[in-house]
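I'd like to ask some things about the structure below.
Order of writing sets the chain letters: A, B, C and D. Residues in each chain are counted from 1.
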Amino acid sequence: MEQRLANCVQLTVNEKQFIENALLSELRVDGRGPLEYRKLSIKFGKDDGSAEVQLGETRVMSFVSAQLVQPYKDRPNEGTLSIFTEFSPMADPSFEPGRPGESAVELGRIIDRGLRESRAIDTESLCILSAKLVWAIRIDIHILDNAGNLVDAANIAALASLLTFRRPECSLGGEDGQQVVVHPPEVREPLPLILHHLPVAVTFGFFSNENLVVLDPTYHEEAVMTGRMTATLNANGDVCAIQKPGEQGIFQHIIMHCLKLAHVKAGDITAKIKDAVEKHNNERALQKIKRRSSSVSVDVCGTTARLGGKQNQSGGGKDNSHLDQLKPKDEANFMECDATSSGQVQINKKDEGSKNFTGGPSSWYGKKDPYSECVNSDLLKAPMDSEC
Amino acid sequence: MESKLSGSATNLVDQLVYPGDVVLDLSSMTNQTIKLGGGLRQDSDVISVMKAGRLRFSKPNKYWVESSQKRYVPHAEDSVLGIVVDSRSDNFLVDIKGPAIAFLPVLAFEGGTRRNIPKFEVGALLYVRVVKANPGMNPELSCTDASGKAGEFGALKEGYMFECSTGLSRMLLSSPTCPVLDTLGKKLSFEIAVGLNGRVWVNASSPSTTIIVANALINSEPLSGVQQKIMAEKLLQRVQ
Amino acid sequence: MREIQLQLNQTQKLRLQKVLETLQSQSSIPNSDSSVTISDSISVNHEDGVLKGHGTTDHNGDVVATLCGIVERVNKLVYVRTLRSRYKPEDGDIVIRRVVEVAQKCWRLDINCSQNAYLMLSAMNMPDGVQRRRTAVDELNMRRIFEEGDVICAEVRRSQHDDIHLQARSQKYGKLNAGQLLTVAPYLVKRQKQHFHHLEKFDVDLILGCNGFVWVGEHVEARDVMVEDPVNLSDPQVLIPNENSVSLEEQDKNYTALETRNYICRAANAVRVLSTLGFTITLESIKEVIDLSISANLDIHDMFGCEFCVLVAEKEAERRSSSKRKR
Amino acid sequence: MEYVSPEGLRLDGRRPMEMRQIRAEIGSVSKADGSAIFEMGNTKVIAAVYGPREVQNRSQQISDRALVRCEYSMANFSTGDRMRKPKGDRRSTEISLVIRQTMEACILTHLMPRSQIDIYVQVLQADGGTRSACINAATLALADAGIPMRDLVTSCSAGYLNSTPLLDLNYVEDSAGGPDVTVGILPKLDKVTLLQMDSKLPIDILENVMQLATEGCKAIANYIREILLENTKQLEYRRGS
């Protein structure tokens, strides 16, 4: 009982009153105006398809991965998209370990609906063999620090990681044209996903005083506010999803007003995301040139990257587990590389190479071996075949 | 290490010390009684450090380690800001950011009797004094000073409370008045209550003043005295 | 709409329809707008000043209902009386229910309201009937008085916002034995002067609990079930063997005659029929149904038949219209 | 696919702004404190309310208001393809949350401190608009249980297919992949409490679709009020004085 009381340290009455009173004079505790966003920064990981978003003090990390699977029966020509959320008690003591709680599920659903139902991702381009093999895109969203407005931060992180994700190119070969060849990134440049538009989530907070509306509520404001609405829009002003799950009633004209505001904000955020992605892509392109010209530079930039395939062979790996699954088809690949170069540099190179390729499956660990399940299945006559 | 030991402990005073550092060697000291405060431990005949921070010494013989944390370790006679989390028939349960919930007896008020028990709703903010802080027991609080007078203690109405590190609240309480408060106080009028447990309450006539003061204080933590002054002045200029 | 759940044939349907129409015409509701649903405005005369009672709230100066029910006005007070809802305790109500927990110095009873009620040990007449402070021994022996699952009849002593306290300071309260506990909607039981009834004709006791529980049981002269030897009570070790030896004898004493049992069932079914039809449950109405069933020479298990239900409904309509005429 | 014929009729013969037939029944679960069945065309849901009652898990007790819980589930036989659905999948968890917060907004929880109200809703037949039907059924059940509420919440959905705003989508229209707007309103206060929307729609069209759904909600609110009023009257007549 006491433990429970200690854990749920709540806002004092003073803070609650103050937050509302200050809002009456259009002031927020962190010095923002009611309709201002917090500082947004987007960082990208070394891996393609990983992004970390910091919104004020809220930090969310997102990682995109892809895997070849059999499509759903009712949609044989479309790749799939799934979103997984992880709310660790690390980020907020109120998150419970274990099964995802209600808020984690809701957050996943808001982002999922925004991306999927509005057809933001061209899923048809993810199809390789109709009714047999498509790419399954998986977005993992981890909350690292909760300082309010997780939805917006998570949504931006998901978009940023989708924009930087690269999947290996595939082509059909063999006598009957049914053999799938997955080209390792060294051979063919991996492909980005096709995104038609960027649905950006913008969250509003409502208070018991009907006239108060805030944008991007902080942790403390979330504790005080009595209603919340997340509108997901793209820069063109198309509404892609709205989530106002009950709570306090709001007049319809206020909702329309909020949507118009959200449209403007969505434009700003889209620009920010695009800027960050472009910057990252430029850097990435530069790195690539460097890597090809001088192996030493790779070493420098690859230090933080996860050592991928190397550990399979050297055996002293720290994250061997998830790469084990790749072994069957990667081995040949690595052998080739081994022959051409040596030592640390080569390892990194290989790592860089295999990463794009393995980026997907690497986070499927914990499940059954995905390759035995989908690639080597009887359906596919031809097993994976590297052309290295 | 040896050289440190051979010298007196004073060369470590006001220096940063880390867990495991030996501060004093009792064997080399001649029959001197010393008093140990938080973060120090007697290990046979040496005194070693248990937590990182600055070693402090006060005459004649007190030593302790001062550090800045987000949580608070209750200590008798500290003035703290507590939040009421529940009320029982004989105690209010108050959260003081410590390892255990603190008890505030319903009679621990000036002239408190069974008849006039104050009523606090859950979430009320109180300025209280720690009376007892024994390990293994819930700390006990009081809303009176040592002489039984209410003084400044009691519920804080309105205003805004923010949480900070214990280091910052100690800085705000230091004398002479810390530069940031000094600078702000010359231009703005506000009330402030600082709890040693890393909670600060600010109240002013207008919410904007409160927000300015609160943010200035939060930002001043890593700054030196001069920097604090500059920061506060800049802030005031921007406001005016 | 909450229909009467019966499988009726066409003529029975028509007859029931007619009864309902009669009941409607006889209803004492003065006009149709006295029944309200949630968010309906209640017309009030603001000049006289209004006291907003239960089930009302203020919306832009209007008095608005927050419940479905009947608007009642007592002087300046305006409140909404709900029909179907959980029991709302009032001081002095007679309630019946099971013990769910034996806690420190009290029993906790689920009396079908928003909270469990407390029956303090100190609010109980001790078995020895002596007024004294309750000792630790009494506390230890609480299970000898009431156990979890016992059906108890008690009176609401204090129903403040937080806790509901009961008391059983009279011999008529206490544990109920040898009978049936029936559940009806609390709004069907009206608060009256007398909730304990003895149907002498059938030697059956009837207790109408305000919380929607009705007890039909064998008649007990003075409710002395709890009276035990005070000496034994203070010393549990003596009591245990005692209890065993007594059990046979007690069984004999507790034996209920078949005839009485039949009457208990008949009375219980009468209550059930009234509850299905949604008629107020009073001593008179129960008596009437029992008499009707006997005069119709009906078996107990036939009392649920549609024909009988319609008959009861018709009788009730007749009774109400005649009583109205008298007035 | 053509969802609105040139004559302005939908697949099931309705006009674009026409709602399916609605039917409500109060008191379908005898054990519950309040219960209701709500039908919108072929969509049929049942709701039961228990409480306010003692909080079962005492650590969840809230000292100044009632704890509201909601469980939404879909019967295995409710959809065309009959399969066992795992309990507590993400969709049901979300809908449970949405229903709970919608109902919590209108229940006067502060009048029942330290107690608990459970709302159970189950979809018996699914033909689009289950979410709305569940909220309408829950409202009826709560009113039947005599739980004080600020206002009746009612909900209705609307969509936009073949450049036409359509009221109350059925399953075929719902799975066409077009926009689907579910609105829940407090009719007396004229406020929107629930608003969920999928797919892509420009803001000004959304406003029209939302307006249409709101009109639908109001129509349902009128129906629900009539049902409740009639129910109250009948109970009172039968009870007599």
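Note that in this section a contact is a pair of C-beta atoms (placed from the backbone, for glycine too) under 8 Å apart; a residue touches a chain by one contact, two chains touch by 3 or more.
Predicted model, so just to flag it, every value in this text is computed and none were measured.
Peer 1: Tell me, which chains sit next to both chain C and chain D?
Peer 2: Chains that touch both chain C and chain D, as defined above, do not exist here.
Peer 1: When you average C-alpha coordinates per chain, which one falls nearest the overall C-alpha average? Tell me, please.
Peer 2: Central chain: D.
Peer 1: For this structure, which two chains share the highest number of contact pairs?
Peer 2: C-D
Peer 1: Using only Cα atoms to place each chain's centre, name the chain farthest from chain D.
Peer 2: Result for the farthest chain: B.
Peer 1: Hey, how far is the Cα centre of chain A from the one of chain B, in Å?
Peer 2: From the centre of chain A to the centre of chain B is 42 Å.
Peer 1: In whole angstrom, how far does the Cα centroid of chain B sit from the Cα centroid of chain C?
Peer 2: Those two chain centres are 60 Å apart.
Peer 1: Centre to centre, by mean C-alpha position, how many angstrom separate chain B and chain D?
Peer 2: Once rounded, the distance between the two centres reads 53 Å.
Peer 1: I'd like the Å distance between the centres of chain A and chain D, where a centre is the mean of that chain's Cα atoms.
Peer 2: Averaging C-alpha atoms per chain gives centres 33 Å apart.
Peer 1: Can you tell me which residues of chain D touch two or more of the remaining chains?
Peer 2: 189
Peer 1: Under the stated contact criterion, what part of chain B meets chain A in this complex?
Peer 2: Within the complex, chain B contacts chain A at residues 83, 85-86, 93, 95, 97, 100-101, 121-125, 156-161, 201, 206-208, 210-211, 214-215.
Peer 1: In their complex, what parts of chain D are in touch with chain C?
Peer 2: 25-27, 30, 33-34, 51-54, 66, 108, 112-115, 143-152, 187-189, 225, 227-241
Peer 1: Given the complex with chain B, which residues does chain A contribute to the contact?
Peer 2: 2, 5-6, 8-18, 21-22, 25, 27-31
Peer 1: Taking the touch rule as given, give the residues of chain D at its contact with chain A in the complex, in rising order.
Peer 2: My answer: residues 59, 90-91, 93-94, 96-105, 177, 181, 184-186, 189-203, 206-207, 210-211, 214.
Peer 1: What residues on chain A touch chain D, complex-wise?
Peer 2: 1, 4, 102, 105-106, 108-109, 113, 117-119, 227, 229, 233-234, 237-252, 255-256, 259-260, 263
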